[in-house]
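One structure coming up, written as C-alpha cells, with questions to follow.
Chain naming follows the written order as A, B, C and D, and within any one chain the residues start at number 1.
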Amino acid sequence: MNALTRASRASPQTFMQEVVAATPGGDTHLELCLQCGTCGGSCPSGRDMEHTPRQLFAMIAAGMRDEVLKSNTPWYCVSCYYCMVRCPQEIHITDIMYTLKRMAIKEGYYQESTAADAPDFSETFIDFVENYGRSFELGLATRYHLKHHPLSAIKMAGFGLGMLARGRMDLRPTKIQNIDQLQAILTKAKELSNGSFEPGGAS
Amino acid sequence: MKYGYYPGCSLEKNARAYHESALVVAKRLGIEFEETPDWNCCGATEYFAINALAGYALVGRNLALAARQKLNGQGNQLVAPCSACFLNLSKTDHYMAESPELAEKVNSALAAGGLSYEPGSVRVRHLLDVIVDDIGYMTVAEQVRKPLYGLRVAPYYGCLVVRPDYQHIHDEPEYPLCMDGLLKVLGAEVVDYPVKTHCCGGHMTQISEETALEMIRRLLKSAADYRADVIVTLCPMCQLNLDAYQEQVNKHFGADYHIPVLYFTQLMGLAFGASPKEVGIGKEFVDARPALAKIQEEPPQNAKQKRSRPPKGALPMPSMLSHHKGGGQ
Amino acid sequence: MNHKPMEEARIGVYVCHCGTNIAKTVDVAEVARWVGEQENVVVARDYKFMCSSLGQDLIESDIKERGLTRIVVAACSPHMHEKTFRGACQRAGLNPYMFEMANIREHDSWATDDRAAATQKAKALVEGAVRRVAHHTPLEPLPVEINPNTLVVGGGIAGITTALELANAGYHVYLVEREPSIGGHMAQLDKTFPTLDCSACILTPKMVEVGQHPNITLLSYSEVEKVEGYIGNFTITVRKKARYINEELCTGCGICEEKCPKRVVDHVFEAGLGYRKVVYRPFPQAVPKYPVIDRENCTYFLRGKCRACQIFCPTKAIDFEQEDEIITFQVGNIVLATGYDLFDARRIPQYGYGRLANVFTSMEFERMVNAAGPTGGKIVLRDGVTEPKSVAIIHCVGSRDKNYHEYCSKVCCMYSLKFAHLVHERLPDAEVYNFYIDIRAPGKGYEEFYHRLLHEGTHFIRGRVAEVTDAARQPGEEGKLIVQVEDTLIGKQRRIPVDMVILSAGLEARHDSREVSQLFKMGCDFDGFFVERHPKLDPVATMTEGIFIAGCAQGPKDIPDTVAQGAAAAARVAGLIHLGTVMMEPVRAYIHEELCSGCRICNTLCPYNAIVFHEDRQVSEVITALCQGCGTCVAACPSGVISGAHFTNEQIMSQIEGVLWDVRRNGNGKQPTVNIQQSTANVQQPTVNEP
Amino acid sequence: MTESFEPVIVGFLCNWCSYRAADLAGTARIHYAPNMRPIRVMCSGRVDPQFVLKALREGADGVMIAGCHPGECHYVNGNIKTLRRYHLLKRMLKQLGVEEERVQLVWASASEGKQLAEAVDRMTEQLRALGPLRWPERVLGEDGRGANGHEAFVSAIEPREEVAA
C-alpha cells in the first residue's frame, strides 16, 4: 500500500484522498498521473465526454470537486479497460470512474450532468437483480425507457418484438431459488459500506 | 475434464444460441460442464456504479457457490462464456486476493447468507481460453467434419476477455491471436481485423444512442472494409449490439451493412458437422444463411498459393512477435 | 559466551545531527547522553556535521587528549563516510580499523517519522557498534600490485574513447568487441544532434586510430568467456569466434562479398531495413577490414556446396576449417562499455510495428536517411519508391511507461527533432507531426534546436499516442495510417492520418547484461543497467574494485555524455596504473592451523578456491591473496577455528547483544514499552540535502 | 497511538546488496517499520546459524537474513549456501516450536530498497500478529531445561553459563 492510499484510508482530507479511499482493490496510483493523455486518446467514447479522463484527474488533483462530480465523463465510460491497460503509470482508471459514479449519485450531482439518465439505468438494472437474482431485459427496457425516453420506447418496442420473435427475450423474469440468501448478503454488504462508498473506507 | 459452468443471465435469454452451441462443442471436445447451482446475476457493468461492496458480494456469492461444487477432486475451475461475467468473477477473486480488507468485508456480507469465499479457491476461465489452452488446436482439428472453406471471418474479441486480464492468461491484450488460430483450424479465412479488441459500446445504447451507434458503426465498417462475411464474437453484449442494432446503424448513417454476427462456438459446431439449428443459427437479426452459403467443399485456390513476393526494391518487412498458443494438454 | 570487552577499551562515541537530516527524527542529544553512561564509553558527544573538518578534528583531539582507543560515529551509511572517519583515526595515530560506524541516517532517521521509535532504534544501533568496536583489533590493509594492461569490453564510441585515452597515455589495452567491426550504434547513425555533423565523418577516424594503434590489441568478433582474479590481477579468457577468413592473407578487397550469391536481411547494422551478403563486412569502413562468414546462413556450411567466395578470393584467405580461438591474458583493470539494445517496438502492438508496413522504428529511419543506407538516403515507404506526404514521429516508445521501462531514455526527444528536421530537409512539402509527452532538451544547443524545429513548421502535438491503426472511420482516413491521440493542450481526441509513422524507441539494457554483470561479478540494477559506485560522485566506478563502466551500459545517454564517461573511466584506470599498487581491505579469513581438524568442509565451500589443504599436516590454509573475505567458510567451520578479520564471531555476537540492549533478558535493559506509531499522514517529500 | 506489541527484529544484511538496499530505501525516504535493527555482514553466507539463535535467545522476536538474489551474489554463490543453511535452521526451529515467520530469508538487490522496506513491513506485521517470542518460556521451559522434551538439543545450543545467569 502506498503512502497516499494509506493516508487516504486513515482520514481522507483532500478530494484526491477521498477518491482513492473510495476505490477498492489495492493502490489506484491516481497520484502518479503524468498527464500524457493515453487514456483520453484510447477512450472509444472520449469524443462525447465533457472532459477526458486525463483532464478529470488534473481536476481531482486541483480539488475541483463540484466540476468533477457534475461531469458526464464517468457516465460515458463504457468499461472497456483500454485506458487502464495502456496507462503508463498503471492507474486504475476504470475503477476510479466507478467511484466517481457512486460519489455523484450519493451527492445528487449527476442530475446536473448531460448523462442524467445513466444512474437510473444502473439502478433499474440492479433493482431487478435484487428482487429476482437475475437480470430481466424486458422489464429493464420497458421501465427505463418509459420513464426517460417515452418516444424512443415506441422504437424500442419493435426491437423488443424482434427479440421475442427470435426467442431471445422472456416475458417474465427468472427468480433464483435462494433469493432470501442473496438479499441477506446484499443487505449486509450495504450496511457494511454505510458511511463510505466502498469497503475499507473511512471507519 | 470437468468444469463448473456459469452461463450468466444473457446465455439464458438473448444469447441462447451461444449457450446451445457451447454445449454442442463441449460435448464433442469431451468437456464436461456442471452448472453452478442457483447462481445469480454478476451485476454486469451496473452494480459497481451503485455500491461497490454489494457489487463484490453479489459476485462473491457465485464464487462461494462454485467453490462448493467439488468437481472431480481438482481445483475448481469455473467457465464463464460471457465476457462481463468472466471479468466480474475474475476481478472479484483478484481484488479479494489483493486487498485482505476487501476480502474480509465481502466475507462478512456472505456470512449473512451462510457462505464464505477464500480468494484463489476458484479459477475463473473463459470458454475460449479453455478450448485453446486446455483442449488445443490439434484436438479441435480432429473434430472438424465440414471445414469452413471460403468463409471470410473477422475475429472480434471485444474488451473484457482480453482486458484487463487479471490472470495474465492472454497472449496479448492489444492484438490477441488465439481465436484467429482457432478459426483457421476450422478452415475459415481469417481477416486481420484491426479493431478486433475495440469496444462495442456496452450499455451505451441505453445511455447515449448517438455515441453507441458510432461505436458499432466503426466495427461494422472495418469488417466491411476487410470484406468479412461474418463477424465472430465471444461475448453476448457484443453480439447483441452489432447484430440487433445493425439496422439502426444503417438508418442513422445511411449505410448498408449486412454482416451477420455469430458466436465462435456456432462456427465450431457447424465445422464439427452439427446442423445450423442445433447451434442456434436463425436467432440472429442479420440473417447468417447467405454468408454461410459461401462455405465451399474445397479450400479456395488463392489460399493454396504461396504468398506473393514483395515488389523488387521494396524494403524488408519486420515480423510480428509470435506468442505460442493452442498447445493443448 | 558473554563477550567481555577488552580491558583497555576506551571508547569515544560521536552522534551526528547531519544538519537536520538525523536530528529532526532522532533525539541525538539523548542518544549521546545515554551512550555516555554505557560501559567503556569515555566520551560521548553530538555534533552538527561530523564529516566536516571540525567534526573530524573533534575525534582527533579526543583521541590524543583523552587517550581513546576506539571510535564509534553514529551518522550516515558507512558506504558514505567510513573512509573519512578512518582517516581521522589514522591522523590521530589510531589504527583505522579501531573504528565502527552506526548508520542512523539511511537506516533510521530517513526511514521513519516516528521520533520515539527512531531514537530507540538509534540507541540500539549505537550500542551494537559500541559493543562491537570493543573487540576490534588493529589491521593493516593489503597492498596489491596493478597490472598496467587494461581490458575494455565493447567497441562503441564509449569503448573506443576509453581505449584511445589509455593507449595514448602509453598503456596497453585489449579491446574486445562482439560484432565483426567496432563502431557500435554510432556507426549506424546519419547525423548527430544538435549540430547535425555526420556521424561517420567524426567516428571513422577514431575507428581507424584504434585499428592502427600499437598499444591496442583489437579482438573483434570475440567475447569474454571467463574473468578470474581481482583488482590488479585479472585473468581474462576470450573466445575469438571463427571468421572463416585468414586475417594474415586477407587484404579486405571485398571480392568475396561481391561474389557471394546469397543475401539475408541484416538485423544488426541495417536494423532490419536492408540486406547483407552471407560473407560480409557490416559496412565499408569496418575496422578491422576483414569480413566474416555467417555460418548459420552460408550455403557451404548448410549444404556443402557453393564456395564462391573461396573460388574468387585472390589471396586464398577463405578458410572453412577455421575454429574458434581461446585467448588468455592478464589485466589490472576492466572497463565495461557494452552499450544498449533498442527497445523492441513490436512489444507495443497498438503501434502496429510488424503489422502495418509503413510503421518504422527509429533505427530503421536512421538507416533510411543515411546516404550509405539501403535507400541511399531517400525517405520512402516500405514499397521502396513512394515518398510520404506526411510523417508522424511518436516519442516515448517503451520509455516512461511502467508496462515497459519506467525511465526516460534521454535521447529520443532530441533524435526525434533531428528526424523532423531531416524530413523537412529532404521532403520540403511533407507535413511532420511530433507526438510528445514532454520535450526534454537539456543540453548545450538542444533547446535552441527545438526552437529551430518550431520555426521549420513541425506540428507538435502534446499527447502520448494511444494507437496507430489502418481502420479508417472517415473518408479522409482511407488508405492512411491513423494516429489516434488526445491533444492534451486542447483536451480533445484527435485522429491524424499520415503516410509514415516513426516510433522513437527507447534504449534498454543489453538483453544479456545480467549474465555479463555476473561474469564480471558486479552489480546490475532492476532495468539491467550496470550500477555505479555512487550515482553522483562516482559514476564510472562500480562496487567491484578494478571494474569501471562507461556509456549506455550504465544508463541511457547521448554521445557527448558517453564520450565524457569513456574518458573519465580511462582517467580512473590510468590513475590506478600510475599508482602501481592499491591497498585492499584486510577483511580476510584465517585458519588457526593448530585447531583445524582437517575436515575439509571449507575447501569446497570457497568460491575462489582460496583454501588449500596440506596433506602432510592434514590442515587447511587460506591463501590471503585469493581470499575475498565473504566469510562463508567462517560460518561453516564445524570447529569454529576460522576467523574472519573485522567480522569475527566475537565482534558480531557482541553487536547482536548491543542492538538488543533494551530487550535482553540478561541485559541491562528493562522490558521496553516502545510505542511505535505508524505515521500515516504528511508523508514527506524527498529533499536533496545530503552533505 | 495504540498500546500494542512491537516486535524487535535483528536483520543480517549483506554488504553488497541488502545493506545498500536499506541505504537506498532511506535515501529514497521510503518509510517502513522501524522494528528491524540491521547488522552488516560481508555476505549472507557469513551468517552462522549461531547468530540467529543468539539473537532469538537475547530477546529478538524475529531474525531477517537478507542477501543478493540467487545468481547475483557478490561472492559467486554465498547466498546459495545461506539458502541451504536456512532450510536446516528452519527445520530445527520448527522442532523447538518457533513459528516459521520468525526467521525469514529475503533477497534484495542494491536497487530494491522498496522491496526490502516492504519485506520489513510485512515481517513486522506478521510478528505483531504472532506476539512476543519469549524464548526462555517457549524453548527452555519453566525450569530452563527445555520445554518440549529437547533437553539435550537445547543444552547444545544454549550455553550453560547463560542459562544459569
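Operating definition for what follows: a residue touches a chain if its C-beta (ideal position, glycine included) is under 8 Å from a C-beta of that chain, and two chains touch if they have at least 3 such contacts.
None of the values given here were measured: they were computed from a predicted structure.
The interface holding more C-beta pairs in contact, when A-B is weighed against A-C, is A-B.
Spacing of chain A relative to chain B, judged by their CA centroids, is 23 angstrom. Here the CA centre of chain B is 50 Å from the CA centre of chain D. Work out the mean CA point of chain B and of chain C, and you get 46 Å between them.
Residue positions of chain B touching 2 or more other chains, listed in rising order: 174, 198. Each of residues 31 in chain D touches at least two other chains. Shared interface positions of chain A, defined as residues touching 2 or more other chains, are 3, 82, 85. Each chain pair that touches appears in this list: A-B, A-C, B-C, C-D. Remark: chain C residues 1-2, 77-79, 103, 105-114, 117-118, 120-121, 124-125, 128, 514, 517-518, 521, 523-526, 531, 543-544, 587, 605, 607-608, 628-632, 634-636, 644, 647, 649, 652-653, 655-657, 659-660, 662-667, 673-679, 683-686, 690 touch chain D in the complex.
Against chain B, the residues of chain A that register as touching in their complex are 22, 24-26, 44-45, 48, 75-76, 78-82, 84-85, 94, 98-99, 101-102, 105, 115, 117-119, 121-123, 125-126, 129, 133-135, 137, 144, 152, 159, 162-163, 166-170, 174, 176-178, 181-182, 184-190, 192-193, 197-200.
In the complex of the two chains, the chain B residues touching chain A come out as 9, 12-16, 38-41, 43-54, 56-58, 60-61, 91, 94-95, 98-99, 101-102, 105-106, 108-115, 159-160, 163-165, 173-174, 198-199, 201-204, 206-211, 215, 244, 282-285. On the side of chain C, the complex with chain A involves touching residues 350, 396, 400-403, 437, 462-467, 484-488, 491-493, 680-683.
Within the complex formed with chain B, the residues of chain C that make contact are 265, 272-275, 344, 346-350, 353-355, 357, 361, 374-375, 380, 382-385, 469-473.
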